[in-house]
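Next up: some structures, all given as structure tokens.
Each of the next two complexes has chain A plus one other chain: chain B in the first, chain C in the second.
And then the complex of A and B:
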């Protein structure tokens, strides 16, 4: 595994090296030093892979010296980036959760990439055309480019195929609607007296993940989480979200096929791998982990619908903070283009399970090979046809937590969905108030 | 029962035949066992080969084929000797400066008379109410202006003064009879000589209690060092460890995490085991439990 990974990396580097030779190195001065902030959204060994990636970049680009700076979770990375910008020490590039871009743009913390794209002699349309259309909603704000998609995800339904067969279900025909999924979950739940020995389904709910899963369920219930055009409105207290949360709650309280309480992502994947949960809804970012650890046949499928098929985008984009010197900005742009090239994109996708945002990545020979051997990696890409942007508002994290806190209360059996959503809406309206006062409510 | 009887052989005669202390002892042992389980699990998980799979991961039973692979993995991912050194520098650096500042400030509040003393003292205590996260941005700007961004000194700086420590030392100094100081004064001792020879030696238990609190809290601090430090070779243990424990959408390698955690807590754990008696007695005499 390691050897083949190195081999792929070697091939990719050889390719980029040829490209790098075309540009003469800057004479005289030393290399431009830049920092890349990165969270670890995946298994920790990838922190080492990130180190390898940056080392290769430095070797092939003598005019730049990049340092990869580990910055915690997605939320921690936002805090650190903001603090560094305010302290006058902005990093040159950041792998930022894709839905934080709008908030950062509102706060004037992002570099508009349009002029850098124009300086390369290409157009916005051409540049964005490399990436899957579904990803553009989180990269383009007011018709300007602010981020470059790096690794992205959609939620998936993971099914333990062996257990499905045992229960008389056909894993080649996965559940397509909530009704079918509820039925599957009931048939896949095993009980000994009052004790459940095997859960039908598990859906994670922890900060960050919980908001994303709520968006997933709300969208497949026909609704929207937020106003995609404007950062000041969220739709928490709506029938579509009430239906979504009630169904999730019913799986726990009424049907008793989902473990009670708010379960974090790693606990969900662990219980799926151990056979304690027969199905789970989780990011495609966990696919490599499941593939490496499952001792049974598994199947990945689209997220079932109640009203329509729809899923949100997840994952991260590369951004350049505002307020950088021109040479650092240029060096960061070189790094970003290199990291999102088809070869790098494809390599990172195979290592993590995230899908590659660059469409050309799927035409590279290594990737074609890989998909033939692992057809499960195709599902997330196919699901992109029904994918929509990830929720992004003014103060995304607090607005998201306004909902998550209430959802956790419901899953823990302490509140009814209707009351919880009303409370969440009220809290979010309060958080969004300053922005609305400055925009939609500021009348001429 | 024989073992428990023997344990109570030295107890005062009156309680030797009573049931309550024995019951208390048994309960303590049970509680200790519950407390010990995560440690045992960490030890077992560290030595469990990945080939056992995730199914056995939650079991406390040790694997039949123990392996050092997890330790090797953790060791390779993180530069632990370097992280440990950085954390040690941060903790001792903070503590040494704190000793000086809290002694002087505590003495001032306990023994000196000056205008607005009570008001200033309450202002001091109000710091304890502030959530540290609130101060991240102002502290970081200040540190960047001082040219201390991405330095260990920058990590230590905000903690050089301690409101809690000042409060603790004020209480300790106030408990010391003024007659002792008066006697020294008659012998011609100056201000710093009195602090050095009377107040400090008599407050040692409070100093060690404070040292434990200070070292453990800074040893475990994650967010602030994460904000200040960029260079990988300046990371403290917490930041180094989280490289393989913090995940959002992915999953976790429990064996590696267990091994990494073991390496992080080992120095503190060993220190505690060696100085156990002294630690406990310092808390008892300083009135914190």
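And then the complex of A and C:
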């Protein structure tokens, strides 16, 4: 008796569950479920802000159910996306480091967005026209659109204004050249005997950040890092990069105003916040973090020049991986357009410190208000006039690491800049060889 | 599911002795069928995820795919020679050897010390044992994240506290000469408590009467340690050494979190090298070749240690 009652109860539960499982299949018209992979490459509470953003999207778009999936650093996000594509379950959209797009396009991992743009009844030129011109180099490959700029950055010089004043420097007139910056760094370094208690300047060097910083210094030294038109060439062993690395090395070895060794980004920002470093070069993506945590007056400025004012773009674009069903592609496109709209990209910019790539974002009333209160947020946007695309080649990460490994040896006093760059060039040429063999060296 | 019945077997009816053997086999099979069925799930998983994967790696190691435009080609053992010629791989092997020896000896030594000191059970030793075992319970990734803050240059816990005493502050994870040692410290800290457990168990097995006899014969504490306890702990030593060596090759979480193999490959270990080849360089052939080499080395090592264990009188 008991047994049969249990049995009936079990059957009833099983029946209900089967019904529940079968229901969406029968109904057929549930919301399209999509995943968005997103990285957090800088300091701050970006993951929480992303949750807020996606919740709002889902509330305003009942036909789509987006889930934000945190995927670590920029490099990790590339790896996880590739793993998902290989497994046949690509995410529907990814916030991808802008300089990985070329590599992914070469590997046939990206959806060409041209047809989605055309289906909206607009042109590529009009669509791209919404964004700052400097960002297009990392979004357009062979005249096709592969990425939509979402949050972008430039490197900035952060200055502890209180310490500058103490040292008799005027923080309203920040250093504009490398010579002036060296001078500031010397005046801002405090020593007790041989021991340094306060560093003049700190520049991060960990994988990813290190390559970006080398590109920054090389550009302001008149050079370029790679061939912007073709993914098979990098220019490591050049006078402009040698000068850049030599100057960085001098700050450590000769002037002793920069902490020795390779220092990751979070260590640099912690040093700055705690007053251990009086100046730092860091992404504008960390600006909100600095604003929220610095207990002193600070100032942000352009990256000083040696030959010219120039900086690389940083940050990320939204992409749609290849191999998605049409309905997911469409849903992802809806999400991407919403996230890069003036209002949303302005909100995200205020939350993070990244600048908003959509130019109209700066005309929204909230943003005008915000910029009046926080003029430091303008610097990165102003610097865009001199910004250039971010390093992008075939096998971007290994080619970048070929340089970073050597730079780390220099910053640790284990190698001279000239030898290091020659070694880096050799290693990168080796990494790029198969691609060149299939493209530029494949003669008709 | 239809089970294999004895009648379904191809039976040679004319040969009586063979029939007898087959019948016995069938009877034996029937009797142990439930056991085989119970083993089946594990067998399936083992075949799928271990042997299947190994076979796949073996095949992948023979092929090379360079760019998406170039076709996948059969290259034989080229991948293996490419791996052996790669200074990053040989560097990773050297790093891994240093790492294995440099973590195994201190952690085993510490574990023995802890075990000897805490062999007697009372409230104090129980609390100390628990404290020493605690690092084992913390996941490696969490422990590494913790050490990230300890090792931060200039502002980290370590520099903040002992940095004042040093003339020059080392950049613990940013200096290629120091980074590997810094990572090794975490492994030692984490594993010593784990190996302590084995030594504690080993100490329980030391015969009480022998100890008493030695005591009566006037053997001092050092002599008892040297001539009774350590020889009795030999199997434990061997076992722990094998575990420590395998750990040195299979643990890589801290490299991921703390250094990504850097600076300048100074903390690159073999497993991390394989990962880099597979996912950063997108070179499955080379990653598979490196995996095969590692697998061969580990299997050799395991076979050696099993033989040594089996050859011991009485076994472990």
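As a convention for this text, the second predicted complex is superposed on the first by the 413 of 444 C-alpha atoms of A that agree within 3 Å, B and C clash if a C-alpha of one lies under 4 Å from a C-alpha of the other, contacts with A are read in each partner's own complex, and residues count from 1 in each chain.
Operating definition for what follows: a residue touches a chain if its C-beta (ideal position, glycine included) is under 8 Å from a C-beta of that chain, and two chains touch if they have at least 3 such contacts.
No experiment lies behind these values; they were computed from the predicted model shown.
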| item | value |
| --- | --- |
| Fit or clash between chain C and chain B when superposed on chain A | clash |
| Touching partner for A:435 - first (chain B), second (chain C), both, neither | second |
| Chain B versus chain C as contact partner of A:412, first or second or both or neither | second |
| Which of chain B and chain C A:274 touches, first, second, both or neither | both |
| Touching partner for A:83 - first (chain B), second (chain C), both, neither | both |
| Which superposed partner A:262 touches (first chain B, second chain C, both, neither) | second |
| Which of chain B and chain C A:404 touches, first, second, both or neither | second |
| Which of chain B and chain C A:394 touches, first, second, both or neither | second |
| First (chain B), second (chain C), both or neither touched by A:108 | second |
| Partner chain(s) touched by A:443 [first = chain B, second = chain C, both, neither] | neither |
| Colliding stretch - chain B into chain C, listed as 39-47, 129-137 or 147-155 | 129-137 |
| Residues on chain A lying within both footprints (that of chain B and that of chain C) | 79, 82-83, 266, 270, 274 |
| Of chain B, residues touching chain A in the complex | 53-55, 57-58, 73, 76-77, 136-137, 140-141, 143-145, 149-150, 222-223, 226-227, 230-232, 235, 239, 242-254, 256-257 |
| Complex contact set, residues of chain C against chain A | 66-70, 152-156, 167-169, 171, 173-177, 260, 262-265, 279-282 |
| Footprint of chain B on chain A - complex, ascending | 35, 39-45, 47-48, 67-74, 76, 79-80, 82-84, 86-89, 91, 153, 208-209, 265-266, 269-270, 273-275, 282-283, 285-286, 289-290, 293, 295, 314-315, 352-353 |
| Residues of chain A touching chain C in the complex | 75, 79, 82-83, 106-108, 194-195, 199, 205-207, 259-264, 266-267, 270-271, 274, 276-277, 394-395, 397-398, 401, 404-406, 408-409, 411-412, 414, 431, 434-435, 437-439 |
